[in-house]
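See the structures that follow.
Paired with chain B in one complex and with chain C in the other, chain A is shared by the two complexes that follow.
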Partner chain A sequence: MIWLGIETANAPLSVAVVRDGTVVAEIVQNIKLTHSVGAMSAIEKVLATAGVQAKDIDVIAVSEGPGSYTGVRIGVTLAKTLAWTLQKPLVGVSSLQALAANSSLYNGLICPIFDARRGNVYAAVYQGVMLTEIIKDKHMAIEELLTKLQAMEVPILFVGADVDVFWDTIVAALGEKAQRAPLSHQLPRASEVIRLAIQQELPSIEATHHFVPQYQRIAEAEANWLKEQKHE
Partner chain B sequence: MMYEKIMNSLEETEQFALSLANLLESQDTITLEGDLGAGKTTFTKALAKGLGVKRTVNSPTFTIVKQYEGRLPFNHLDVYRLAESDEDLGWDELFYGEAVSVVEWAHLIEADLPKDRLTIEIYRMEDTVRRFVLKPYGKRYEGLCEELMK
Partner chain C sequence: MGEFIMENRMILAIETSCDETAAAIIRNGSDIVSNVVASQIESHKRFGGVVPEIASRHHVEQITIVIEEALKQANIVPADLDAVAVTEGPGLVGALLIGINAAKAFAFAHNLPIIGVHHIAGHIYANALIQPMEFPLLALVVSGGHTELVYMKEHGSFEVIGETRDDAAGEAYDKVARVLNLPYPGGPRIDQLAHEGQEAVAFPRVWLEEGSYDFSFSGLKSAVINYKHNMDQRGETISPAAVAKGFQDSVVEVLTAKTLRAAREYQVKQVIAAGGVAANKGLRTSLEHVFVEEGIPFFVPPLKLCTDNAAMIGAVAAQMFEAGIRGNLTMNGRPGMELHSWTE
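The block that comes next holds the complex of A and B.
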């Protein structure tokens, strides 16, 4: 069974090929290259390196969000297009859970973070080693996240390249309870996306049509519309 | 670091924009601030010309961004209409692509701008006299300013 994994939910990019439970090739990068230019060529490269042709792929796994709108859209659109063209199933995995999976051997609480700008984050809390969901993927102010975490009595491991942005704030709120994953765990890996996808039941090929990104945040026009409805 | 330059005429301003354009590379970001009539558009038009843009450059206030083809692709952004907004419009794809970007009213999207950038403030002194204040953020732009002010 050959899996292709795609992860472009934020600025970093990762694609991987896994064959029969073995990682054959993987690209992980965090450079200033837009996904609209870099993602498809990275897929071609990883397939070529792995010696796999597109028609040999059995399943596609994609990081479905949350993250930057553009990043999530590009990854999901690529994955859907490939899955439908090749007539192979498509499995979605939370981009936050995939990031947490880097540190899944940590036997405690794991908090993956993406910077959502203006003091906001996309974050979640998972319990290692099984990555059980403790706080669902959510878009929130960093303060809101830290208030939730202050209530927890155990150390928390923060994962992600964007932890840097908030580290001082995190330490100020949580003190020694706050721990930080090593640098080798910073970037999301498509092999982790595949690992989590393997645990799911394979959807039907028709289900690809209904596959949508999990933005975990509504667009501004939608938010304004909801606000107006409340006033009436 | 801060640089000041007085432009005594429209031609001087245009010449300055051309010199700057010659030094620009992909992913360079310039922010422009200045009152109405300060000459942001005049400056941007000259800069675009210097980048080899052939099409007419006009205000992107309504569309927020206009993209042009030249020696390098050129993004012209006017984010005035985003004053009350925190919409994620795919900034990274704009700022970290192949293009050079000029952003008017940039302070409204402060959080989304690249940290390294060149800010230009334009002050109207007299009819045709303008004071330009340039502030480089990051090594790339410090070097750029030194080269430009030689």
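The block that comes next holds the complex of A and C.
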């Protein structure tokens, strides 16, 4: 069984090939190269390194969001077009859960964070090696997240390249309960996307057409429009 | 560069530069084997215009469905294709990126070359799907985002001899439509109202400096807004039909006169109109009239090839393919892409 994993939900990029439970090749980078330029070439490269041709891929796993709208869309568009045209199933995995998976051996709660600008984050809380969901993926103010975490009586590990942005605020709210994941856990890995995808049931090939990103947030124009509808 | 004789050359073309998700199969650069367009217009109507983020979201929802439909209607499989073409720019960057990444993934999966196409070249080449292009040629490109006079001395050679310095013609139509409280998209409704109008409000014609082929429509738009404002102040009601007719007369007169002058100066063998506003009846009738008198063949594609579609992208790509132009998997969306020749 050959898996291709794709992760472009935020600035970092990762692609991986897993064959029969072994990671054969993986690229993990965080070099400010836009995914529209780098992602497809990275897929080509990782497959070439693994000695795998497109038609040999059995399943594709993609990080489906939340994250940067454009980043998520590039990964999903590549994954969905490949899956559809190769007639192979496509499995989506939460970008936050995939990032949390780096630290799944941690004995406590795992809180992956993406900066969503203006004091907001995409965040979730998971626990244990199976990454059980404690708080669902959500777009929220950092304060809202921290208020929820203050109520929890266990140490919390913060994961992600964006933890830096909020670290002082986190420590001020949670004190010693807050811990930081080590350097090597900061970037999402496509092999973790695949690991989580393997645990899911394979969707039908027909389902690929209807695969969409999980933005966890409606577009601003739509939110304003909905607000106006309520006023009228 | 002469005419190539193509042998059953099949190109899959993809276009997602604005609010239409489109895919088409083109044979030999001139035959439309299939041409599928999923319009988002109903969704954008709510906002009174195209919202880029919403457009990008719809493209992701539709892209594989539309490509599959194009292949299905053409009754072909990927192995029958020679290349994948996609709009590289200009357009909304987030929207362009969906088509481009889908094109890359498809091309990679089937080991096909990828060709990045300029959207305006596409509008011009929509004509190649109707009758052979004769050079030298003059194209008037008018749409929601563009107003350009393009001189072509041969395939792949583009010289922009005039363009708008502010609003595109279609943009002015949309804004005037809003002033008149017409529902989005306003262009076709103004065209219709203008035909119903008996009287026309006198609005200025903007010619710019002598000899210029450039356009400007923001002054005209302001004149319409001021007219409405003054009438409102005086408590008088306006006649939407007279405003529409006055506005359209001004736009059409300037577009027609400059196109005619350019056609004479460049001694072209063919004049074509392209882009969404080329579907405008007032403009079409005016151009047809002057070029019949002038004795220069004039063509406008049918409506479904005037508005955004992928068939036109395939028509350009066929010429680029024969000229040996190829893109690669690092192709990026180019929202401000300029129209450059691929010959010379």
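FYI, the second predicted complex is superposed on the first by the 232 of 232 C-alpha atoms of A that agree within 3 Å, B and C clash if a C-alpha of one lies under 4 Å from a C-alpha of the other, contacts with A are read in each partner's own complex, and residues count from 1 in each chain.
As a working rule, a residue touches a chain if its C-beta (ideal position, glycine included) is under 8 Å from a C-beta of that chain, and two chains touch if they have at least 3 such contacts.
Fair warning: this is a prediction, and the values are worked out from it, not measured in the lab.
**Student:** Looking at the overlay, does A:165 come into contact with chain B only (first), chain C only (second), both, or neither?
**Tutor:** Touch partners of A:165: none, neither chain B nor chain C.
**Student:** Chain A residues in contact: does chain B have more, or chain C?
**Tutor:** C
**Student:** Just checking: does A:37 make contact with chain B only, chain C only, both, or neither of them? Give me first, second, both or neither.
**Tutor:** The answer is both, since A:37 touches chain B and chain C.
**Student:** Touch test for A:198: chain B only (first), chain C only (second), both, or neither?
**Tutor:** Neither partner.
**Student:** Touching A:173 in the superposition: chain B (first), chain C (second), both, neither?
**Tutor:** Neither partner.
**Student:** Taking the superposition as given, does A:220 touch the first partner, chain B, the second, chain C, both, or neither?
**Tutor:** both
**Student:** Counting only touches as set out at the top, which of chain B and chain C does A:118 meet: first, second, both, neither?
**Tutor:** Touch partner of A:118: chain B, not chain C.
**Student:** Thinking of the overlay built on chain A, is A:68 touched by chain B (first), by chain C (second), by both, or by neither?
**Tutor:** So A:68 only meets chain B here.
**Student:** Which holds for A:11: it touches chain B only (first), chain C only (second), both, or neither?
**Tutor:** first
**Student:** State which residues of chain A lie in both footprints, the one left by chain B and the one left by chain C.
**Tutor:** In chain A, residues 34, 36-37, 69-70, 219-220 are touched by chain B and also by chain C.
**Student:** What does chain A use to touch chain B in their complex?
**Tutor:** Listed in rising order, the residues of chain A that touch chain B are 11, 32-37, 68-71, 117-118, 219-220.
**Student:** In their shared complex, at which residues does chain C touch chain A?
**Tutor:** It is residues 46-47, 51, 53-54, 56-57, 60-61, 63-65, 67-68, 78, 94, 97-98, 100-102, 104-106, 108-111, 329-333 of chain C that touch chain A.
**Student:** Under the definition above, what is the set of chain B residues touching chain A in their complex?
**Tutor:** Counting only chain B, the residues touching chain A are 27, 85-90, 92-93, 96-98, 111-112.
**Student:** Residues of chain A touching chain C in their complex?
**Tutor:** Those in contact with chain C are residues 34, 36-41, 43-44, 54-55, 69-70, 73-74, 76-82, 84-86, 208-210, 212-213, 215, 219-222, 225.
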